[in-house]
Amino acid sequence: MNLSLRKARTIIRKAFEKGAEMELKPLSAVVLDAGGHVIAFERQDGAAPGRFAIAHGKAYGAVMLGMAGTAQMARAEQQPYFMAAVNGVYGGQTIPVPGGVLLRSTKGAVIGAVGLTGDTSDNDAVAALAGIEAANLIGEI
Amino acid sequence: MNLSLRKARTIIRKAFEKGAEMELKPLSAVVLDAGGHVIAFERQDGAAPGRFAIAHGKAYGAVMLGMAGTAQMARAEQQPYFMAAVNGVYGGQTIPVPGGVLLRSTKGAVIGAVGLTGDTSDNDAVAALAGIEAANLIGEI
Amino acid sequence: MNLSLRKARTIIRKAFEKGAEMELKPLSAVVLDAGGHVIAFERQDGAAPGRFAIAHGKAYGAVMLGMAGTAQMARAEQQPYFMAAVNGVYGGQTIPVPGGVLLRSTKGAVIGAVGLTGDTSDNDAVAALAGIEAANLIGEI
Amino acid sequence: MNLSLRKARTIIRKAFEKGAEMELKPLSAVVLDAGGHVIAFERQDGAAPGRFAIAHGKAYGAVMLGMAGTAQMARAEQQPYFMAAVNGVYGGQTIPVPGGVLLRSTKGAVIGAVGLTGDTSDNDAVAALAGIEAANLIGEI
(Lines give C-alpha, C1' and ligand atoms only; values in the text may rest on other atoms or scores of the structure.)
Protein backbone atom coordinates (compact mmCIF):
# COMPACT_ATOMS: atom_id res chain seq x y z
CA MET A 1 0.00 0.00 0.00
CA ASN A 2 1.44 3.34 -1.06
CA LEU A 3 0.73 6.52 0.84
CA SER A 4 -0.80 9.11 -1.48
CA LEU A 5 -0.19 12.85 -1.39
CA ARG A 6 -3.91 13.24 -0.72
CA LYS A 7 -3.64 11.13 2.45
CA ALA A 8 -0.52 13.03 3.50
CA ARG A 9 -2.31 16.37 3.12
CA THR A 10 -5.23 15.12 5.19
CA ILE A 11 -2.91 13.95 7.97
CA ILE A 12 -1.17 17.32 8.17
CA ARG A 13 -4.35 19.39 7.95
CA LYS A 14 -6.18 17.36 10.56
CA ALA A 15 -3.15 17.30 12.89
CA PHE A 16 -3.02 21.09 12.68
CA GLU A 17 -6.76 21.29 13.43
CA LYS A 18 -6.20 19.15 16.50
CA GLY A 19 -3.34 21.43 17.52
CA ALA A 20 -5.60 24.48 17.22
CA GLU A 21 -8.29 22.74 19.24
CA MET A 22 -5.72 21.87 21.96
CA GLU A 23 -4.30 25.42 21.73
CA LEU A 24 -0.81 24.11 21.01
CA LYS A 25 2.06 26.29 19.80
CA PRO A 26 2.61 26.60 16.03
CA LEU A 27 3.21 23.12 14.63
CA SER A 28 5.22 21.60 11.81
CA ALA A 29 4.48 18.21 10.30
CA VAL A 30 6.11 15.93 7.78
CA VAL A 31 4.82 12.75 6.15
CA LEU A 32 7.36 10.23 4.87
CA ASP A 33 6.81 7.18 2.70
CA ALA A 34 7.91 3.61 3.52
CA GLY A 35 11.43 4.41 2.29
CA GLY A 36 11.78 7.45 4.51
CA HIS A 37 11.32 9.96 1.67
CA VAL A 38 9.33 13.18 2.09
CA ILE A 39 5.82 13.27 0.60
CA ALA A 40 4.65 16.48 2.27
CA PHE A 41 5.66 19.03 4.89
CA GLU A 42 4.08 22.15 6.33
CA ARG A 43 5.31 24.63 8.94
CA GLN A 44 2.73 26.90 10.54
CA ASP A 45 3.31 30.64 10.75
CA GLY A 46 5.20 31.55 13.89
CA ALA A 47 7.09 28.25 14.18
CA ALA A 48 10.89 28.42 14.46
CA PRO A 49 12.80 28.17 11.15
CA GLY A 50 14.54 24.89 11.97
CA ARG A 51 11.39 22.84 12.44
CA PHE A 52 11.71 20.84 9.21
CA ALA A 53 14.79 19.04 10.53
CA ILE A 54 13.10 18.17 13.83
CA ALA A 55 9.89 16.91 12.23
CA HIS A 56 11.92 15.00 9.65
CA GLY A 57 14.24 13.50 12.26
CA LYS A 58 11.34 12.18 14.31
CA ALA A 59 9.73 10.52 11.30
CA TYR A 60 12.93 9.38 9.59
CA GLY A 61 14.26 7.49 12.59
CA ALA A 62 10.87 5.82 13.01
CA VAL A 63 10.81 4.52 9.44
CA MET A 64 14.47 3.51 9.29
CA LEU A 65 14.38 1.58 12.55
CA GLY A 66 10.76 0.42 12.27
CA MET A 67 10.36 1.86 15.79
CA ALA A 68 8.05 4.75 16.82
CA GLY A 69 9.20 7.73 18.90
CA THR A 70 8.01 6.42 22.25
CA ALA A 71 9.98 3.18 21.87
CA GLN A 72 13.01 5.10 20.65
CA MET A 73 12.85 7.36 23.69
CA ALA A 74 12.67 4.35 26.03
CA ARG A 75 15.76 2.93 24.35
CA ALA A 76 17.53 6.30 24.57
CA GLU A 77 16.78 6.47 28.30
CA GLN A 78 18.19 2.97 28.78
CA GLN A 79 21.13 3.12 26.35
CA PRO A 80 21.81 6.74 25.41
CA TYR A 81 25.02 5.79 23.59
CA PHE A 82 23.04 3.45 21.32
CA MET A 83 20.61 6.11 20.12
CA ALA A 84 23.50 8.57 19.77
CA ALA A 85 25.24 6.04 17.53
CA VAL A 86 22.04 5.45 15.57
CA ASN A 87 21.92 9.20 14.94
CA GLY A 88 25.43 8.93 13.56
CA VAL A 89 24.85 6.02 11.19
CA TYR A 90 21.77 7.77 9.78
CA GLY A 91 23.75 10.91 9.04
CA GLY A 92 22.51 12.84 12.04
CA GLN A 93 18.92 12.61 10.87
CA THR A 94 17.10 11.06 13.84
CA ILE A 95 15.24 12.50 16.85
CA PRO A 96 14.24 9.76 19.36
CA VAL A 97 11.19 11.25 21.10
CA PRO A 98 7.39 11.09 20.78
CA GLY A 99 5.99 12.89 17.76
CA GLY A 100 7.61 10.36 15.43
CA VAL A 101 4.62 8.17 14.60
CA LEU A 102 4.73 5.01 12.47
CA LEU A 103 2.02 4.53 9.87
CA ARG A 104 0.93 0.93 9.52
CA SER A 105 -1.30 -0.82 7.03
CA THR A 106 -4.14 -2.95 8.36
CA LYS A 107 -1.81 -5.93 7.84
CA GLY A 108 0.80 -4.32 10.10
CA ALA A 109 3.37 -3.32 7.47
CA VAL A 110 5.06 0.06 7.93
CA ILE A 111 3.84 2.31 5.10
CA GLY A 112 5.49 5.51 6.29
CA ALA A 113 5.74 7.85 9.25
CA VAL A 114 4.59 11.23 10.48
CA GLY A 115 6.90 13.62 12.29
CA LEU A 116 5.24 16.36 14.28
CA THR A 117 6.93 19.06 16.32
CA GLY A 118 6.23 22.39 17.97
CA ASP A 119 4.69 21.74 21.37
CA THR A 120 5.66 19.15 24.03
CA SER A 121 6.62 15.80 22.58
CA ASP A 122 3.54 14.19 24.08
CA ASN A 123 1.20 16.82 22.65
CA ASP A 124 2.98 16.50 19.31
CA ALA A 125 2.18 12.78 19.31
CA VAL A 126 -1.48 13.39 20.18
CA ALA A 127 -1.91 15.85 17.32
CA ALA A 128 -0.11 13.54 14.87
CA LEU A 129 -2.30 10.63 15.86
CA ALA A 130 -5.46 12.71 15.40
CA GLY A 131 -4.35 13.53 11.87
CA ILE A 132 -3.56 9.91 11.12
CA GLU A 133 -6.89 8.66 12.38
CA ALA A 134 -8.74 11.33 10.42
CA ALA A 135 -7.05 9.86 7.34
CA ASN A 136 -8.30 6.38 8.26
CA LEU A 137 -4.80 5.08 8.88
CA ILE A 138 -3.24 3.26 11.83
CA GLY A 139 -0.65 5.14 13.88
CA GLU A 140 1.85 3.81 16.41
CA ILE A 141 3.18 6.59 18.62
CA MET B 1 7.19 40.84 4.43
CA ASN B 2 6.97 37.28 5.64
CA LEU B 3 5.79 34.46 3.47
CA SER B 4 2.80 32.74 5.09
CA LEU B 5 2.00 29.04 4.97
CA ARG B 6 -1.23 30.02 3.19
CA LYS B 7 0.73 31.68 0.39
CA ALA B 8 3.09 28.70 0.19
CA ARG B 9 0.18 26.30 -0.16
CA THR B 10 -1.31 28.43 -2.92
CA ILE B 11 1.98 28.49 -4.82
CA ILE B 12 2.33 24.72 -4.69
CA ARG B 13 -1.30 23.99 -5.55
CA LYS B 14 -1.37 26.41 -8.47
CA ALA B 15 2.01 25.20 -9.77
CA PHE B 16 0.65 21.66 -9.77
CA GLU B 17 -2.49 22.81 -11.60
CA LYS B 18 -0.27 24.43 -14.24
CA GLY B 19 1.71 21.19 -14.51
CA ALA B 20 -1.49 19.22 -15.07
CA GLU B 21 -2.61 21.71 -17.69
CA MET B 22 0.77 21.42 -19.47
CA GLU B 23 0.66 17.59 -19.05
CA LEU B 24 4.00 17.54 -17.24
CA LYS B 25 5.38 14.53 -15.38
CA PRO B 26 4.57 14.25 -11.65
CA LEU B 27 5.97 17.33 -9.91
CA SER B 28 7.46 18.15 -6.53
CA ALA B 29 7.60 21.65 -5.11
CA VAL B 30 9.13 23.30 -2.08
CA VAL B 31 8.69 26.82 -0.72
CA LEU B 32 11.49 28.28 1.41
CA ASP B 33 11.46 31.46 3.50
CA ALA B 34 13.98 34.31 3.31
CA GLY B 35 16.39 32.33 5.52
CA GLY B 36 16.29 29.29 3.24
CA HIS B 37 14.13 27.26 5.62
CA VAL B 38 11.31 25.00 4.48
CA ILE B 39 7.75 26.28 4.84
CA ALA B 40 6.00 23.65 2.72
CA PHE B 41 6.73 20.78 0.35
CA GLU B 42 4.61 18.39 -1.68
CA ARG B 43 5.55 15.47 -3.95
CA GLN B 44 2.92 14.24 -6.39
CA ASP B 45 2.12 10.54 -6.62
CA GLY B 46 4.38 8.82 -9.13
CA ALA B 47 7.36 11.15 -8.65
CA ALA B 48 10.73 9.55 -7.83
CA PRO B 49 11.48 9.26 -4.09
CA GLY B 50 14.48 11.60 -4.15
CA ARG B 51 12.60 14.66 -5.41
CA PHE B 52 12.67 16.57 -2.11
CA ALA B 53 16.46 16.97 -2.34
CA ILE B 54 16.30 18.25 -5.92
CA ALA B 55 13.45 20.71 -5.29
CA HIS B 56 15.13 21.88 -2.10
CA GLY B 57 18.51 22.26 -3.78
CA LYS B 58 17.06 24.46 -6.51
CA ALA B 59 15.34 26.76 -4.01
CA TYR B 60 18.07 26.72 -1.38
CA GLY B 61 20.81 27.80 -3.75
CA ALA B 62 18.56 30.57 -5.05
CA VAL B 63 17.96 32.01 -1.58
CA MET B 64 21.50 31.56 -0.32
CA LEU B 65 23.09 33.19 -3.35
CA GLY B 66 20.24 35.63 -4.05
CA MET B 67 20.43 34.30 -7.60
CA ALA B 68 17.64 32.43 -9.44
CA GLY B 69 18.14 29.12 -11.28
CA THR B 70 18.61 30.59 -14.74
CA ALA B 71 21.41 32.87 -13.58
CA GLN B 72 23.00 30.03 -11.63
CA MET B 73 22.96 27.83 -14.73
CA ALA B 74 24.61 30.55 -16.80
CA ARG B 75 27.34 30.80 -14.20
CA ALA B 76 27.69 27.00 -14.11
CA GLU B 77 28.08 26.88 -17.90
CA GLN B 78 30.79 29.52 -17.68
CA GLN B 79 32.53 28.46 -14.48
CA PRO B 80 31.51 24.93 -13.53
CA TYR B 81 34.18 24.79 -10.82
CA PHE B 82 32.59 27.81 -9.14
CA MET B 83 29.14 26.26 -8.86
CA ALA B 84 30.73 22.95 -7.79
CA ALA B 85 32.48 24.83 -4.99
CA VAL B 86 29.24 26.61 -4.06
CA ASN B 87 27.61 23.19 -3.77
CA GLY B 88 30.39 22.22 -1.38
CA VAL B 89 30.27 25.26 0.87
CA TYR B 90 26.49 24.91 1.23
CA GLY B 91 26.85 21.31 2.33
CA GLY B 92 25.94 19.83 -1.04
CA GLN B 93 22.52 21.47 -0.98
CA THR B 94 22.39 23.40 -4.27
CA ILE B 95 21.14 22.58 -7.78
CA PRO B 96 22.01 25.34 -10.30
CA VAL B 97 19.31 24.99 -12.95
CA PRO B 98 15.92 26.56 -13.78
CA GLY B 99 13.13 25.59 -11.44
CA GLY B 100 14.79 27.46 -8.58
CA VAL B 101 12.73 30.67 -8.52
CA LEU B 102 13.35 33.65 -6.26
CA LEU B 103 10.36 35.25 -4.55
CA ARG B 104 10.60 39.02 -4.33
CA SER B 105 8.49 41.62 -2.55
CA THR B 106 7.13 44.54 -4.55
CA LYS B 107 10.12 46.49 -3.23
CA GLY B 108 12.51 43.90 -4.65
CA ALA B 109 13.62 42.21 -1.44
CA VAL B 110 14.06 38.42 -1.55
CA ILE B 111 11.35 36.93 0.65
CA GLY B 112 11.97 33.28 -0.20
CA ALA B 113 12.23 30.85 -3.09
CA VAL B 114 10.34 28.08 -4.81
CA GLY B 115 12.02 24.88 -5.99
CA LEU B 116 10.16 22.85 -8.56
CA THR B 117 11.26 19.59 -10.18
CA GLY B 118 9.91 16.67 -12.18
CA ASP B 119 9.85 17.67 -15.82
CA THR B 120 12.46 19.54 -17.90
CA SER B 121 14.11 22.39 -16.02
CA ASP B 122 12.42 24.94 -18.27
CA ASN B 123 8.96 23.46 -17.77
CA ASP B 124 9.64 23.27 -14.04
CA ALA B 125 10.29 27.03 -14.04
CA VAL B 126 7.11 27.79 -15.99
CA ALA B 127 4.97 25.81 -13.55
CA ALA B 128 6.66 27.42 -10.54
CA LEU B 129 6.11 30.90 -11.94
CA ALA B 130 2.43 30.17 -12.58
CA GLY B 131 2.05 29.19 -8.93
CA ILE B 132 3.87 32.29 -7.75
CA GLU B 133 1.76 34.61 -9.87
CA ALA B 134 -1.44 32.94 -8.73
CA ALA B 135 -0.35 33.84 -5.19
CA ASN B 136 0.12 37.48 -6.23
CA LEU B 137 3.86 37.35 -5.69
CA ILE B 138 6.77 38.29 -7.93
CA GLY B 139 8.98 35.48 -9.20
CA GLU B 140 12.42 35.62 -10.81
CA ILE B 141 13.23 32.43 -12.68
CA MET C 1 5.20 -5.06 -5.46
CA ASN C 2 8.01 -5.57 -2.99
CA LEU C 3 11.35 -6.99 -4.02
CA SER C 4 12.13 -10.09 -1.96
CA LEU C 5 15.56 -11.14 -0.70
CA ARG C 6 15.12 -14.30 -2.76
CA LYS C 7 14.74 -12.25 -5.96
CA ALA C 8 17.72 -10.11 -4.98
CA ARG C 9 19.90 -13.18 -4.47
CA THR C 10 18.87 -14.55 -7.84
CA ILE C 11 19.74 -11.27 -9.57
CA ILE C 12 23.21 -11.17 -8.03
CA ARG C 13 23.98 -14.84 -8.60
CA LYS C 14 22.85 -14.79 -12.23
CA ALA C 15 24.66 -11.51 -12.93
CA PHE C 16 27.86 -13.09 -11.61
CA GLU C 17 27.29 -16.17 -13.79
CA LYS C 18 26.92 -13.87 -16.80
CA GLY C 19 30.14 -12.11 -15.80
CA ALA C 20 31.98 -15.45 -15.64
CA GLU C 21 30.59 -16.43 -19.03
CA MET C 22 31.74 -13.11 -20.50
CA GLU C 23 35.09 -13.45 -18.68
CA LEU C 24 34.65 -10.11 -16.92
CA LYS C 25 36.83 -8.92 -14.04
CA PRO C 26 35.62 -9.67 -10.49
CA LEU C 27 32.20 -8.06 -10.02
CA SER C 28 30.27 -6.48 -7.18
CA ALA C 29 26.51 -6.11 -7.18
CA VAL C 30 23.94 -4.45 -4.96
CA VAL C 31 20.14 -4.66 -5.04
CA LEU C 32 18.16 -1.75 -3.56
CA ASP C 33 14.45 -1.53 -2.82
CA ALA C 34 12.06 1.17 -4.07
CA GLY C 35 13.20 3.50 -1.28
CA GLY C 36 16.89 3.11 -2.17
CA HIS C 37 17.69 0.83 0.79
CA VAL C 38 20.05 -2.14 0.50
CA ILE C 39 18.49 -5.60 0.30
CA ALA C 40 21.62 -7.53 -0.71
CA PHE C 41 25.21 -6.98 -1.81
CA GLU C 42 28.05 -9.25 -2.81
CA ARG C 43 31.66 -8.52 -3.81
CA GLN C 44 33.56 -11.25 -5.65
CA ASP C 45 37.02 -12.31 -4.51
CA GLY C 46 39.68 -10.18 -6.14
CA ALA C 47 37.52 -7.07 -6.50
CA ALA C 48 38.87 -3.80 -5.08
CA PRO C 49 37.81 -3.02 -1.49
CA GLY C 50 35.83 0.13 -2.38
CA ARG C 51 33.36 -1.56 -4.71
CA PHE C 52 30.37 -1.33 -2.39
CA ALA C 53 30.25 2.45 -2.72
CA ILE C 54 30.46 2.32 -6.52
CA ALA C 55 27.77 -0.34 -6.89
CA HIS C 56 25.60 1.47 -4.35
CA GLY C 57 26.08 4.85 -6.01
CA LYS C 58 25.01 3.51 -9.40
CA ALA C 59 21.84 1.99 -7.99
CA TYR C 60 21.04 4.74 -5.47
CA GLY C 61 21.08 7.54 -8.02
CA ALA C 62 18.87 5.48 -10.31
CA VAL C 63 16.20 4.98 -7.63
CA MET C 64 16.33 8.49 -6.23
CA LEU C 65 16.05 10.17 -9.62
CA GLY C 66 13.92 7.48 -11.25
CA MET C 67 16.52 7.54 -14.03
CA ALA C 68 18.79 4.62 -15.08
CA GLY C 69 22.56 4.90 -15.52
CA THR C 70 22.54 5.42 -19.28
CA ALA C 71 20.16 8.39 -19.03
CA GLN C 72 22.16 9.82 -16.13
CA MET C 73 25.36 9.58 -18.17
CA ALA C 74 23.73 11.39 -21.09
CA ARG C 75 22.65 14.17 -18.73
CA ALA C 76 26.15 14.29 -17.20
CA GLU C 77 27.72 14.64 -20.66
CA GLN C 78 25.33 17.49 -21.46
CA GLN C 79 25.23 19.23 -18.08
CA PRO C 80 28.14 18.01 -15.95
CA TYR C 81 27.44 20.65 -13.29
CA PHE C 82 23.90 19.31 -12.87
CA MET C 83 24.97 15.74 -12.12
CA ALA C 84 27.75 17.06 -9.87
CA ALA C 85 25.13 19.01 -7.93
CA VAL C 86 22.86 15.95 -7.79
CA ASN C 87 25.75 14.06 -6.23
CA GLY C 88 25.93 16.80 -3.62
CA VAL C 89 22.26 16.85 -2.67
CA TYR C 90 22.28 13.06 -2.28
CA GLY C 91 25.22 13.19 0.11
CA GLY C 92 27.81 12.16 -2.46
CA GLN C 93 26.07 8.85 -3.06
CA THR C 94 25.50 8.79 -6.83
CA ILE C 95 27.50 7.45 -9.80
CA PRO C 96 25.95 8.49 -13.15
CA VAL C 97 27.09 5.73 -15.54
CA PRO C 98 25.73 2.45 -16.93
CA GLY C 99 25.57 -0.37 -14.44
CA GLY C 100 22.87 1.43 -12.47
CA VAL C 101 19.78 -0.43 -13.67
CA LEU C 102 16.20 0.41 -12.69
CA LEU C 103 13.89 -2.44 -11.77
CA ARG C 104 10.35 -1.93 -12.96
CA SER C 105 7.14 -3.82 -12.29
CA THR C 106 5.07 -4.96 -15.26
CA LYS C 107 2.96 -1.83 -14.67
CA GLY C 108 6.05 0.36 -15.01
CA ALA C 109 6.51 1.39 -11.37
CA VAL C 110 10.09 1.52 -10.07
CA ILE C 111 10.46 -1.29 -7.53
CA GLY C 112 14.19 -0.92 -6.94
CA ALA C 113 17.53 -0.88 -8.71
CA VAL C 114 20.63 -2.96 -9.28
CA GLY C 115 24.12 -1.50 -9.14
CA LEU C 116 26.84 -3.51 -10.80
CA THR C 117 30.52 -2.64 -11.03
CA GLY C 118 33.91 -4.20 -11.79
CA ASP C 119 34.34 -4.25 -15.57
CA THR C 120 33.55 -1.56 -18.16
CA SER C 121 30.32 0.31 -17.46
CA ASP C 122 28.70 -1.23 -20.54
CA ASN C 123 29.68 -4.77 -19.56
CA ASP C 124 28.48 -4.07 -16.04
CA ALA C 125 25.06 -3.15 -17.44
CA VAL C 126 24.91 -6.31 -19.58
CA ALA C 127 25.67 -8.56 -16.61
CA ALA C 128 23.15 -6.73 -14.41
CA LEU C 129 20.44 -7.07 -17.02
CA ALA C 130 21.12 -10.79 -17.39
CA GLY C 131 20.63 -11.22 -13.66
CA ILE C 132 17.45 -9.18 -13.70
CA GLU C 133 15.96 -11.15 -16.56
CA ALA C 134 16.87 -14.45 -14.92
CA ALA C 135 14.78 -13.25 -11.97
CA ASN C 136 11.83 -12.55 -14.30
CA LEU C 137 11.99 -8.81 -13.69
CA ILE C 138 12.13 -5.85 -16.06
CA GLY C 139 15.37 -3.87 -16.18
CA GLU C 140 16.04 -0.42 -17.65
CA ILE C 141 19.75 0.15 -18.18
CA MET D 1 44.14 -15.13 5.50
CA ASN D 2 41.55 -13.47 3.33
CA LEU D 3 37.87 -13.89 3.89
CA SER D 4 36.22 -15.25 0.73
CA LEU D 5 32.77 -14.39 -0.58
CA ARG D 6 31.94 -18.08 -0.15
CA LYS D 7 32.71 -17.91 3.56
CA ALA D 8 30.75 -14.67 3.89
CA ARG D 9 27.71 -16.25 2.27
CA THR D 10 27.93 -19.21 4.60
CA ILE D 11 28.10 -16.96 7.66
CA ILE D 12 25.02 -15.02 6.62
CA ARG D 13 23.01 -18.06 5.59
CA LYS D 14 23.78 -19.97 8.75
CA ALA D 15 23.16 -16.95 10.97
CA PHE D 16 19.73 -16.59 9.37
CA GLU D 17 19.04 -20.30 9.94
CA LYS D 18 19.92 -19.84 13.60
CA GLY D 19 17.60 -16.85 13.74
CA ALA D 20 14.75 -18.89 12.29
CA GLU D 21 15.46 -21.69 14.78
CA MET D 22 15.39 -19.15 17.66
CA GLU D 23 12.28 -17.50 16.15
CA LEU D 24 13.96 -14.09 16.03
CA LYS D 25 12.57 -11.10 14.16
CA PRO D 26 13.70 -10.59 10.53
CA LEU D 27 17.49 -10.22 10.53
CA SER D 28 20.07 -8.33 8.52
CA ALA D 29 23.72 -9.31 8.36
CA VAL D 30 26.86 -7.85 6.90
CA VAL D 31 30.34 -9.34 6.54
CA LEU D 32 33.30 -6.95 6.34
CA ASP D 33 36.92 -7.74 5.46
CA ALA D 34 40.01 -6.85 7.50
CA GLY D 35 39.95 -3.32 6.05
CA GLY D 36 36.34 -2.74 7.11
CA HIS D 37 34.99 -3.05 3.56
CA VAL D 38 31.76 -4.83 2.70
CA ILE D 39 31.99 -8.33 1.22
CA ALA D 40 28.33 -9.30 1.54
CA PHE D 41 25.06 -8.12 3.05
CA GLU D 42 21.54 -9.47 3.20
CA ARG D 43 18.33 -8.07 4.71
CA GLN D 44 15.48 -10.49 5.32
CA ASP D 45 11.98 -9.67 4.11
CA GLY D 46 10.07 -7.70 6.74
CA ALA D 47 13.13 -6.02 8.28
CA ALA D 48 13.07 -2.20 8.56
CA PRO D 49 14.65 -0.36 5.61
CA GLY D 50 17.49 1.18 7.60
CA ARG D 51 19.03 -2.10 8.74
CA PHE D 52 22.09 -1.91 6.51
CA ALA D 53 23.43 1.08 8.44
CA ILE D 54 22.93 -0.64 11.81
CA ALA D 55 24.51 -3.93 10.73
CA HIS D 56 27.36 -2.08 9.06
CA GLY D 57 27.92 0.16 12.07
CA LYS D 58 28.22 -2.80 14.41
CA ALA D 59 30.77 -4.54 12.20
CA TYR D 60 32.66 -1.43 11.10
CA GLY D 61 33.33 -0.23 14.62
CA ALA D 62 34.51 -3.72 15.56
CA VAL D 63 37.06 -3.86 12.74
CA MET D 64 38.23 -0.26 13.04
CA LEU D 65 38.78 -0.47 16.79
CA GLY D 66 39.75 -4.16 16.87
CA MET D 67 37.14 -4.45 19.61
CA ALA D 68 33.97 -6.55 19.46
CA GLY D 69 30.48 -5.22 20.29
CA THR D 70 30.37 -6.43 23.88
CA ALA D 71 33.64 -4.69 24.75
CA GLN D 72 32.49 -1.54 22.95
CA MET D 73 29.25 -1.52 24.94
CA ALA D 74 31.16 -1.86 28.21
CA ARG D 75 33.27 1.12 27.23
CA ALA D 76 30.15 3.06 26.20
CA GLU D 77 28.54 2.37 29.60
CA GLN D 78 31.67 3.62 31.34
CA GLN D 79 32.62 6.48 29.01
CA PRO D 80 29.69 7.38 26.75
CA TYR D 81 31.49 10.52 25.52
CA PHE D 82 34.37 8.37 24.29
CA MET D 83 32.18 6.12 22.12
CA ALA D 84 30.25 9.20 20.92
CA ALA D 85 33.56 10.70 19.82
CA VAL D 86 34.58 7.41 18.17
CA ASN D 87 31.31 7.56 16.22
CA GLY D 88 32.29 11.05 15.09
CA VAL D 89 35.83 10.29 13.99
CA TYR D 90 34.63 7.31 11.97
CA GLY D 91 32.11 9.47 10.12
CA GLY D 92 29.15 8.35 12.19
CA GLN D 93 29.59 4.75 11.17
CA THR D 94 29.79 2.86 14.48
CA ILE D 95 27.21 1.14 16.72
CA PRO D 96 28.76 -0.01 20.03
CA VAL D 97 26.54 -2.94 21.05
CA PRO D 98 26.59 -6.75 20.76
CA GLY D 99 25.96 -8.08 17.27
CA GLY D 100 29.26 -6.63 16.08
CA VAL D 101 31.44 -9.75 16.06
CA LEU D 102 35.15 -9.86 15.25
CA LEU D 103 36.39 -12.61 12.96
CA ARG D 104 39.79 -13.97 13.95
CA SER D 105 42.16 -16.36 12.27
CA THR D 106 43.43 -19.36 14.22
CA LYS D 107 46.55 -17.26 14.95
CA GLY D 108 44.37 -14.52 16.44
CA ALA D 109 44.62 -11.92 13.67
CA VAL D 110 41.47 -9.96 12.88
CA ILE D 111 40.34 -11.00 9.40
CA GLY D 112 37.03 -9.13 9.36
CA ALA D 113 33.79 -8.71 11.25
CA VAL D 114 30.14 -9.62 11.13
CA GLY D 115 27.38 -7.15 11.94
CA LEU D 116 24.00 -8.61 12.77
CA THR D 117 20.82 -6.74 13.70
CA GLY D 118 17.07 -7.21 13.96
CA ASP D 119 16.36 -8.74 17.36
CA THR D 120 17.80 -7.91 20.80
CA SER D 121 21.52 -7.18 20.70
CA ASP D 122 22.26 -10.37 22.64
CA ASN D 123 20.20 -12.54 20.30
CA ASP D 124 21.86 -10.82 17.35
CA ALA D 125 25.26 -11.85 18.70
CA VAL D 126 24.17 -15.46 19.23
CA ALA D 127 22.92 -15.75 15.65
CA ALA D 128 26.07 -14.14 14.27
CA LEU D 129 28.28 -16.50 16.22
CA ALA D 130 26.34 -19.52 14.97
CA GLY D 131 26.95 -18.39 11.41
CA ILE D 132 30.63 -17.82 12.05
CA GLU D 133 31.13 -21.23 13.64
CA ALA D 134 29.27 -22.94 10.79
CA ALA D 135 31.88 -21.35 8.50
CA ASN D 136 34.68 -22.81 10.64
CA LEU D 137 35.85 -19.40 11.75
CA ILE D 138 36.53 -17.95 15.19
CA GLY D 139 34.21 -15.21 16.43
CA GLU D 140 34.61 -12.80 19.31
CA ILE D 141 31.31 -11.26 20.35
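All chains are identified by letter, namely A, B, C and D, in their written order; residue positions are counted from 1 within each chain.
Just so it is clear, a contact is a pair of C-beta atoms (placed from the backbone, for glycine too) under 8 Å apart; a residue touches a chain by one contact, two chains touch by 3 or more.
Computed from a predicted structure; not experimentally measured.
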Checklist entry - Degrees of rotation, nearest 5, to put the Cα trace of chain B on chain C? => result 90
Next on the checklist: Between chain A and chain D, what distance separates the C-alpha centroids? Give it in angstrom.
Outcome noted: 30
Checklist entry - Could you state the distance in Å from the CA-based centre of chain C to that of chain D? => result 25
Checklist outcome for this item: Rounded to the nearest Å, the gap separating the Cα centres of chain B and chain D is 43
Item to check | Residue numbers of chain D (touch at least two other chains) | outcome: 49-50
Next on the checklist: According to the definition already given, which pairs of chains are in contact?
Outcome noted: A-B, A-C, A-D, B-C, C-D
Item to check | Complex contacts: residues of chain C adjacent to chain B | outcome: 34-36, 63-67, 79-82, 84-92, 110
Checklist entry - Along chain D, where are the residues that touch chain A in the complex? => result 47-50, 53-54, 56-57, 73, 76-77, 80, 83-84, 87-88, 92-97
Item to check | chain B contact footprint on chain A (complex, rising order) | outcome: 2, 4-5, 8-9, 33, 35, 37-45, 49-50, 52
Checklist entry - Of all residues in chain C, which touch chain A in the complex? => result 33-37, 91
